[in-house]
Amino acid sequence: MAFLRNLSRKKIFWPLAALVLLMCFNLFFTPNFFRVEIKEGHLYGNVIDILKNSAPIMFLAIGLTLVIATKGVDISVGSVVAISAGVVAMLIGGDLKGVPKNPILLSMAAAVLVATLAGMWNGLLVSRVGMQPVIATLILLVAGRGIAMVTTNAMVVWLYAKPFALLGQGYLLGLPFSLYMVAFLLLATMLVTRRTALGLFIEAVGINPTAARFAGINARNIVFWVYAFSGFCAGISGLVVCSTVMSADGNNAGDGYEMNAILAVVLGGTSMSGGKFYLMGSMVGALIVQTLTTTIYAFNVPPEIAFLVKAVVVWVVSLLQSPDLRSGMAGFLGRRSEGGKEAAA
Amino acid sequence: MSRKGLINLRSLPSLVTLGLFLLMFGAGSLSFPGFFSLQNFLNLFIDNAYLLVLAVGMTLVIVAGGIDLSVGSMLALSTMLSSFLLERAGWKPGQVIPTVLAVGLALGAFMGYMIHAFSLPPFIVTLAGLYLARGLCYVVSIDAIGIKNEFWQGMANARIPAEAANSVSPSVIIALAVVAAGGFILRSTKFGRTIYAIGGNEQSAVLMGLPVARTKVGIYAISGFCSALSGIVFSFYTLAGYALNGRGMEMDAIATVVIGGTLLTGGVGGVVGTVFGVLVYGTIQVLIMFQGTLNSWWTRIAIGFLVFLFCLLQRVFEAGRGKSGKDGSAGPASC
Amino acid sequence: MSEQAPILEMKKIRKEFPGVLALSGVDFRLWKGEVHALMGQNGAGKSTLVKVLTGVHRHDGGEMLLEGRPIRPDSPLAAQKLGINAVYQEINLCPNLSVAENVFIGREPLRLGRIDWKAMREKAREVLGRLNLSVDVTRTLSSCSIAVQQMVAIARVLDSAAKVLVLDEPTSSLDEREVAQLFKVVRKLRDEGMAILFITHFLDQTYQIADRITILKNGEFVGEYEAAKLPKLELVAKMLGKELSEFSQASPGEGEKSRTASVSAGELLRARGLGRRGGVAPFDLDLDGGEVLGLAGLLGSGRTETARLLFGIDKADCGEISVKGKPAQIGSPRAAMALGIGFCSEDRKNEGIFAELSIRENLILALQTKLGAFRFIAPKRQVEIADRLIRELGIKTPSSSGEAKQLSGGNQQKVMLARWLATDPGILILDEPTRGIDVGAKLEIMEQILNLSRAGLGLLFISSEFEEVLRCSGRVAVFKDKALVAQLAGPEMTESGIMRTIAGGR
């Protein structure tokens, strides 16, 4: 027991173990799961696909990790992905010859800016108005999809501007380009949170908001910017999502992503009740989620069954993190020993 | 509402909603010819009967301070199960309906149990429930299943004359019965009052010796039941089971409840307000339809905006309440 | 009264929590038709005793007899069924429901299977009438004053077959008029034969209402007295665990040296007419550099409220503050920090320590906020600072990287103190820094306080242990019933002096 407890304290251990377990399962049951080929100088294979497909969730998970660390949550990220995809698609335009209406980089910047503003809106509601995070972000979850659909005139907008495809489909040195973006954002976030005091402040606010205030931390600002950052991350995710399929579908882009991203963060070891956060863990979590999906695909069952598996995983993980379950079990044991004492007396 | 106290602050939000509805319906009547008719008003009920059923269950959950994100998927599951059992398994409607309702009840109760027994956040448990129900839909069938059953066809086409040439569908009767039942539960049963107590202060409710555990499980069970019933009503309307039915409908249900004046923090609200909330929701849709040039997705933006407005209103309301409490608690004379 | 058998008898009650003996052999007797006050300082075991009685905790030793029969309630509900009811300071009712419903919820009158609202309202009026309370029973509870809410809570309890009523600090947030109203009700119930256990921090109120007083100290039974025969001064002495005769010899401590400067110029901190409704009555306070000003008083006397005002946690309704001669606005802890003020809360767990952060992070946090998020203290430097503070304050830990929750209470206290020392403050407010820690650690902390004052800091030292206050302080401000009642200096500064001030009127 003590051995297990010690192991479970190392936060990155559990997500990694789960990932390895899942991989082992695939090694035995999914043929060619680990085969990687080189076609046209790029790496191809299930593993590469998993990495590539998990990129959009990874962006979201980076932002959400910080939000969840402050004891909050942002369930609007899926809708913000759709908004960002819609904005960038409309700005670049669906010209069949592939001539962008506006400069591609500028369009991308505008889309991310809009997404960041959406995040700021959430931050405002949570930190200033004082709404519960679930409810505050619920508003944007409802309205966000409407905004995305209105942006794209309720149509699927197809893009033909080649350079834009780089984000979601391009390769660099044999690896998907989106992975470099993830790595860059991850590194930048780690630098900003761990090489300044921001990470410490975020954790302090999540662990003990009162003590944080008494120690002079401006908790409101921290919370506000964390939501803004989550919007920013969703914006980048939206760009990649849009580029992967070279289209923006306001209705389906980013649908259900919030669930996957929350799952990734929680699997990665950051607790829903706030406090210590683990960005690397969240990345591993995102890989677990994607591997799970890919594994289910490989089994030739309808991909939608993945919903079922994920639901069960969410329940199990939240149960494992539930302090009540732990104390309940301790209490159960305690009660038994107390009963024993009484019987003895 | 015979209690004097209800007229003032507590019923204020639902009165605001009623006013909003009248205003919107009036504006529509003035702007668009053919908008103002009894049938158009009744159509609001016909087109949103399923939403009303869903929202009544959601009202109970939210009054208790919880949230149920699974209702849209549960509705889809219910349409899938109904159509599958009717068309593929050859069951009779008399067998199908109780089965589907029982499934909804059981799934809801299960989620309620998880929320209560392990103190898990309701939104996480029901978000997983959303995915579970959606996944189960695909287990039943990947494709949509059309319903040709006579009873269902009959329910889809039947009209019950209301007044002169105007009529309503049987679904409206079902929905209104659910509203009445919801109202009765909330107002006149111990179970219902315990829901308010939990929403007001769960810890106090426990210390006051109220059956909090049983009630919490019961609330989510009822919400599951309402989702299942709503699915049946929905399939009367669409005559098909489809796994993508009711996507995002949990948000519509929550939105109508909030617009109806029920506090998202729990403890205050009721089904009458929710009826107004659904009417406002329906009117927005009809207005956008009549307007013609606006994309139907503006509905969602308008709904989101209204939810925001009502949440803001609630915050102001709460702040006011907090202040009055503070004034009430006086310490030693000062200044 | 005493000839009758008591309705409730608690004998040699023992309660142990992991690592703490909360009650060691406490006796408590309660008769029908009396108000019995339970008195004691922080950590005396009052609340534990009440929790044992009301079924929140179960006792590990001793026995409890209700009307001669042994009882062992295992939940508040079980205790209620036995006729033992409690009304707490934080009222356990539902603010969103009506007054009538709060009285009856859970046992509403039914008619034809539905709640009979009319009957409920009538019955509620009746029950509240018994308490001489006329209030519109259809009002929502949250719109009623706290006093009315208290009485609704009592009314709820009355309707069931209550034998014992526990009132746990019911008056802390009531004004005088409301207290009088409540006491009228309490007396009426007593005269009707109810046995009432009353807990309060207000000495005067104890004498107004109580027939009998039981005193606890450090989880031990000190004695049971008839209120009329126990002088106030003796009550205070016994709560502090002293005999009155001990006070003649004042305890000249280290503070003696600074005691010569009996009048402070307030050059570091000066407050005039500072106060907050519901917190502490307006007061004047001065503090010089190199001075330790003790704030003495019993729990709930307004000491902590004063500290919170000075640190900007609560906003003052009136009065002004100047720091180093300049008028200052202290609207938030950040603003206070900018003026060089530091504050160690008495509530380590909820307001001080970040349990899951490392000791090092706990130590540098205030310094880091002072520097701002982007002037990051490099990890190497963090370790240096942490190690230095750990050494200087003698924090017992193998390394600075362990989680703060693993530290003992005394070491956590030192961490909080050290956190502020790292910011190099000019003024330090210490609220009960010696509470709940062992004797050795107490001495070390007091040593630190004196060292800091020698280094030129101005310190406000809050403690319920008057001996400690006297040992460290140059002057003592005495608080009573949410007001600063006197400032003692020079020869007046003795334990008996403080006690006489507290026991005397305002």
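Each chain carries a letter (A, B and C) given by its place in the written order, and its residues are counted from 1.
Here, a residue touches a chain if its C-beta (ideal position, glycine included) is under 8 Å from a C-beta of that chain, and two chains touch if they have at least 3 such contacts.
Quantities reported herein were computed from a predicted structural model and do not represent experimental measurements.
Taken pairwise by the contact criterion, the protein chains are fully connected, each one touching every other. By number of C-beta pairs in contact, B-C leads over the other of B-C and A-C.
For the pair chain A and chain B, the distance between C-alpha centroids works out to 30 Å. Averaging C-alpha coordinates per chain places the centre of chain A 45 Å away from that of chain C. Partner chain C is touched in their complex by these residues of chain A: 195-198, 200-201, 203-204, 207-208, 210-218, 275-276.
In the complex of the two chains, the chain A residues touching chain B come out as 73, 75, 125, 129-132, 134-136, 138-147, 149-150, 153-154, 250, 256, 259, 262, 272, 302, 304-312, 314-315, 318-319, 322-325, 328. Residues 67, 114, 117-121, 123-125, 127-132, 134-139, 142, 243, 248, 251, 254-255, 264-265, 295-305, 307-308, 311-312, 315 of chain B touch chain A in their complex.
Against chain B, the residues of chain C that register as touching in their complex are 76-77, 80, 91-98, 101, 105-106, 108, 114-115, 117, 136, 138-140, 142-146, 148-149, 156, 173-176, 178, 275-282, 317-318, 481-483. Residue ranges on chain B touching chain C, taken from their complex, read 2-5, 9-10, 184, 187-190, 193-194, 196-197, 199-201, 203-205, 207-210, 267-268, 321, 324-326, 328-335.
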